[in-house]
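Both complexes below contain chain A, partnered by chain B and then by chain C.
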Partner chain A sequence: MTSTWTSRIIIGLTLTFLIGPFFIIIAAGLSAGDFLAFPPEGLTLKWYIKVFEVESFRDSFALSMFLAVFGTIAALMLGVPAAYALSRYKIPYGETIKTVVAAPIIVPGIIVGLALLRYLVVPLSFTITLALFLAHTALVLPYAVRVVSSSLNNLRSDMEEAAVLLGCSRIGAFFRVVLPNIQSGVLAAFILGFVTSFNQVPVSLFLSGPGVRTLPIDMLSYMEITYDPSVAALSALLAFMSVVIVFVAEKFLGFSRYV
Partner chain B sequence: MFQNQREGLALALPAAIFTAALFLLPVGILLSEAFKVDGSWSLQGYIDFASKPLNQVVFLRTLKLGFLVALVSAVIGYACAFCIVNLDGKHRGRVFGLIVLPLMISPVARTYAWIVILGRTGIVNDAIVGLGLSETPIRLLFTETAVFLGLLQLFMPLMIISLVSAMENLPKDAVPAARVLGAKWLQVFTRVILPLTKDGLVLGGTLVFTGSLTAYITPAILGGSKVLMLETLLYQRVNVANDFVSAGIIATILIVMSFGANILLKRISSARS
Partner chain C sequence: MSDAFVSLQNLSLAYGKTVVVPDLNLDIRKGELIALLGPSGCGKTTTMRAIAGLMSLHGGSISIDGIDMSRTPANKRGIGLVFQSYALFPHLNAFENVAFGLRLKKLPKSEIASGVEAGLNTVGLSHLADRKPAEMSGGQQQRLSLARSLVMQPKVLLLDEPLSNLDARLRLEMRTELQRVQRDTGITMVFVTHDQSEALALADRIVLMKDGLIEQLGTPDDLYNRPETAFAADFFGFENIFNVSGSIITGPQGSAPINFKAVDGHLAWRPGAIKIGNGSHQGTVRGVAFAGEQREYVIDCQLGQIKASVSADEPAHEIGTSIAFDLPKAGALSILVT
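The block that comes next holds the complex of A and B.
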């Protein structure tokens, strides 16, 4: 066996490489200078406060939240029935349907965004918000189906069959027997979908338009023009938000089982 | 298993139709566009695309970075996964959690850290100037190295996760047994660990490779227009030149490579069973 020390050093170095940069971002966001610097030149919270004052950040944060919450809910409304059908019914072309629904994961997001823009959004003159909403729903759908399917597959189907035999309607059996049992799977799918959608860049890249941008895209364009520490502060806040979400989800759902 | 097919279809079809309409159809048209020149089917677009030196450089660079990132994450991933699997339960959970955590954090935030580290006034340049290795800061951003480091940090967790779950299935006494029987560490790795964790390596490798090929944020922030990769080239062609033929061609290349890697993965993992 390797000695404990070699093993600790290897793990320590890997974690430093993977997580260390976040501490650097947090510190860089605290720098008092007007330009991004590390080690920070004096300490201040002004950049962390400025983030909340920049209007475009506020707007794009609200848009990203809207897309992440409602896009994921829409994806679950399409995805839960699909996952249920795929795991409980013998349906013709089941495999094809599975592949179709999973496809958006494999195709690079930038292509999805461009294709949607050119052949759907422009010809049908959708608004930017609607286009982004549809794109984010399509993007999250495969995750929703996958996570919910795996919880359904772990749930024995004889319970709901028993409920149906005892006179419950099929829909009633779903809501009274199946749904309470896969609750945490659905919630895990929601969290995974939310995070995926919120952090998504390539799909929204072409779809974002003047004044209507998701937060990550807004950050990308902000950092092209300005070199102050506010993007570092915002990155640190976003990282913190994800850490809290993941921590809470892990504590209450055992989230990592579903990812 | 319920037998009512119509009911099943009614539940599954909305999702399938939604994906087909919003996704397969537009992407399909975009890809077919690349095979048309002046309205008729032709491969001329591809020939023109392949003959431009810039496109060749970008294509090869994307492949090279994809391979390098997959290779280096495999090397570090094996060392790290081996150490993690040998930790006791409580520590293993914690370390594993810390490795998964970055995956949930915005890639923009994750990539931005490298600007702070590699920028003109970043830590590395401060150290270089401070130690007198160079009079003036050197350009570290907008280099292949910067893009490589960013991609490595972004995707290495996927490799470690795959390797850890592969190694958990490794019989506990396989490695000590090989050692007792006189195998050197290299032999233990190539004859025992590698064959038994092949699936995990293939899965991790595919995820990291396709992830790197199709990453947009990292090359955009750390490579800029100096170090273009296929995704950033696609964005530039559309935004700067309105060149949808090149965009369609790059899209096709990216999709063929992603699908190719996925099919290869299925082949290799099913070949065993």
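The block that comes next holds the complex of A and C.
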């Protein structure tokens, strides 16, 4: 009896801490006052509408979308073959490679961002956009390798040999029998990468320039000037987008198997 | 040499530095159904993978139809392999699994469709063309895997323990099926098994392997009735094997005289060849098992343990009773030690 109550209280607290902020943000975005406030002072939808009217938000949203989509695609184009090679062939220093690939998960993003700025953007005069693209690709790569590796490990390699004996080349067998069978793992990696990239702050912090900012960074700088509830409204919309994506992914892919 | 279709010469195979097949010589005739028989781990799968080209040779050569294939890549050898695990493509239905190889050959659509239909028909799966492998039983998956290889009209079809994942009844059914397919198609087949009764029932010739070497090669009749080594004799059911010198046989526990003269080497009896109830040897019944038409005894005696099997019509002997038995000259297999 006691233990059920204890566990209920623990679950309740956990949910409050996880989901509570989400409701606070939604509510704060509905506040009729001119400043960010909770509990809301009256109700209005005007901040949710204003979000779409701020031009810099539109630009930075487009940039963040671009980075999330193409950075993740680039990471998968590197990560899928890497995961395949690591799982199927005895590669010298394979374990070391795995550790190195996972490094961006371990190294604080802010250091990665600073390093890219200091050693790529400044000396090689890379554009900020290119540096951001590289940074987001590198950021997502470990997730791509990990998620794809786990679905490859569930796939028996004799299938590929069967394909070869039926006339495929090794590469042909990869495209004809491996890829179709890890499809949902690749899609799961894409979604995880997309969400990670889109919400990424530290790496992007140093990589911003005139008119080139990712959405989270843009929101930070917007708040330095204007303290109105539109940032809360935008946050709520973004959180809602992530929740929908993950929910759909879970429903159709059994997403939680991969992460 | 003359009628060899597949020829393995001084084949040696290794994983890294571990040599598992040291020196294998084998000629397989065209249209033959040959069994690679041997205990688990003796190198059957390894040999088969080497023939298929899935593993590079450590030494020696493989030729097919007179052409050296030792360096030909697996996808150019024209050899089929039915994997022990079937290795079907889970994302494709039965039709597409069978069509896979034909599509790679870029055959016209109509030819692919008729080829696949004929293939599925041969193995009795036409009605399941739309099913995915996961929606099929073990036996059906096995037959699908067979059809997928057969439609490619391989020069040689290799089958790795094709029946071992099936239950007993299905195994008998598939045995006949395999034999029929082989008769109908005339394809040269090599199948791996660790089950002597399967090899005896199906094969034209049996290759008995031990530790990567050929222990004996011959017809089922040769191996069943005239095993040439103690290992072969034991494998084919001569479970009572003793050393013999003069008229004295020696087992793990001790020696005993026999009442006939034998050539020095080994003497072996099947359990069914041993007479119990009277005879010059004495022992104690250690175990008795009823096996339908037979009763199987384990008897402790001065030689060690003896296995005897007698008609269940005879009166039973209780565990613990002492019993006389005979190791008769008739039914004794003499094995020379070379």
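We adopt the following convention: the second predicted complex is superposed on the first by the 254 of 259 C-alpha atoms of A that agree within 3 Å, B and C clash if a C-alpha of one lies under 4 Å from a C-alpha of the other, contacts with A are read in each partner's own complex, and residues count from 1 in each chain.
Here is the rule we use: a residue touches a chain if its C-beta (ideal position, glycine included) is under 8 Å from a C-beta of that chain, and two chains touch if they have at least 3 such contacts.
Remember, it's a predicted structure, so these values are computed and weren't measured experimentally.
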item	value
Combined model on chain A where chain B meets chain C, clash or fit	fit
Touched partner set for A:Pro108, first chain B, second chain C, both or neither	first
Touching partner for A:Val244 - first (chain B), second (chain C), both, neither	neither
Partner touching more residues of chain A, whether chain B or chain C	B
First (chain B), second (chain C), both or neither touched by A:Phe198	first
Partner chain in contact with A:Gly167 - chain B first, chain C second, else both or neither	second
Which of chain B and chain C A:Val177 touches, first, second, both or neither	second
First (chain B), second (chain C), both or neither touched by A:Leu134	first
Which superposed partner A:Ile49 touches (first chain B, second chain C, both, neither)	neither
Superposition-derived minimum Cα distance between chain C and chain B (Å)	8
Interface residues of chain A shared between complexes with chain B and chain C	none
Residues on chain A engaged by chain B in the complex (per definition of touch)	1-2, 6-8, 10-11, 14-15, 17-19, 21-22, 24-25, 28, 35-39, 78-79, 81-82, 84-86, 88-92, 94, 97, 100-101, 103-104, 106-112, 114-116, 118-120, 134-135, 137-138, 141, 145, 157, 170, 195, 198-199, 201-202, 205-206, 216, 219-220, 223, 231-232, 234-236, 238-239, 242-243, 245-246, 250, 256, 259
Residue ranges of chain C touching chain A (in the complex, touch as defined)	52-54, 74-75, 79-81, 83, 85, 87-91, 100-101, 104-105, 148-149, 152
Chain B residues within the chain A interface of the complex	1-5, 7-16, 18-20, 22-27, 29-30, 76, 79-80, 82-84, 86-87, 95-110, 112-117, 119, 121-123, 152-153, 156-157, 160, 175-176, 210, 213-214, 216-217, 220-221, 231, 234-235, 238, 244, 247, 251, 254-255, 258-259, 262
Footprint of chain C on chain A - complex, ascending	156, 158-159, 161-169, 172, 176-177, 180-181
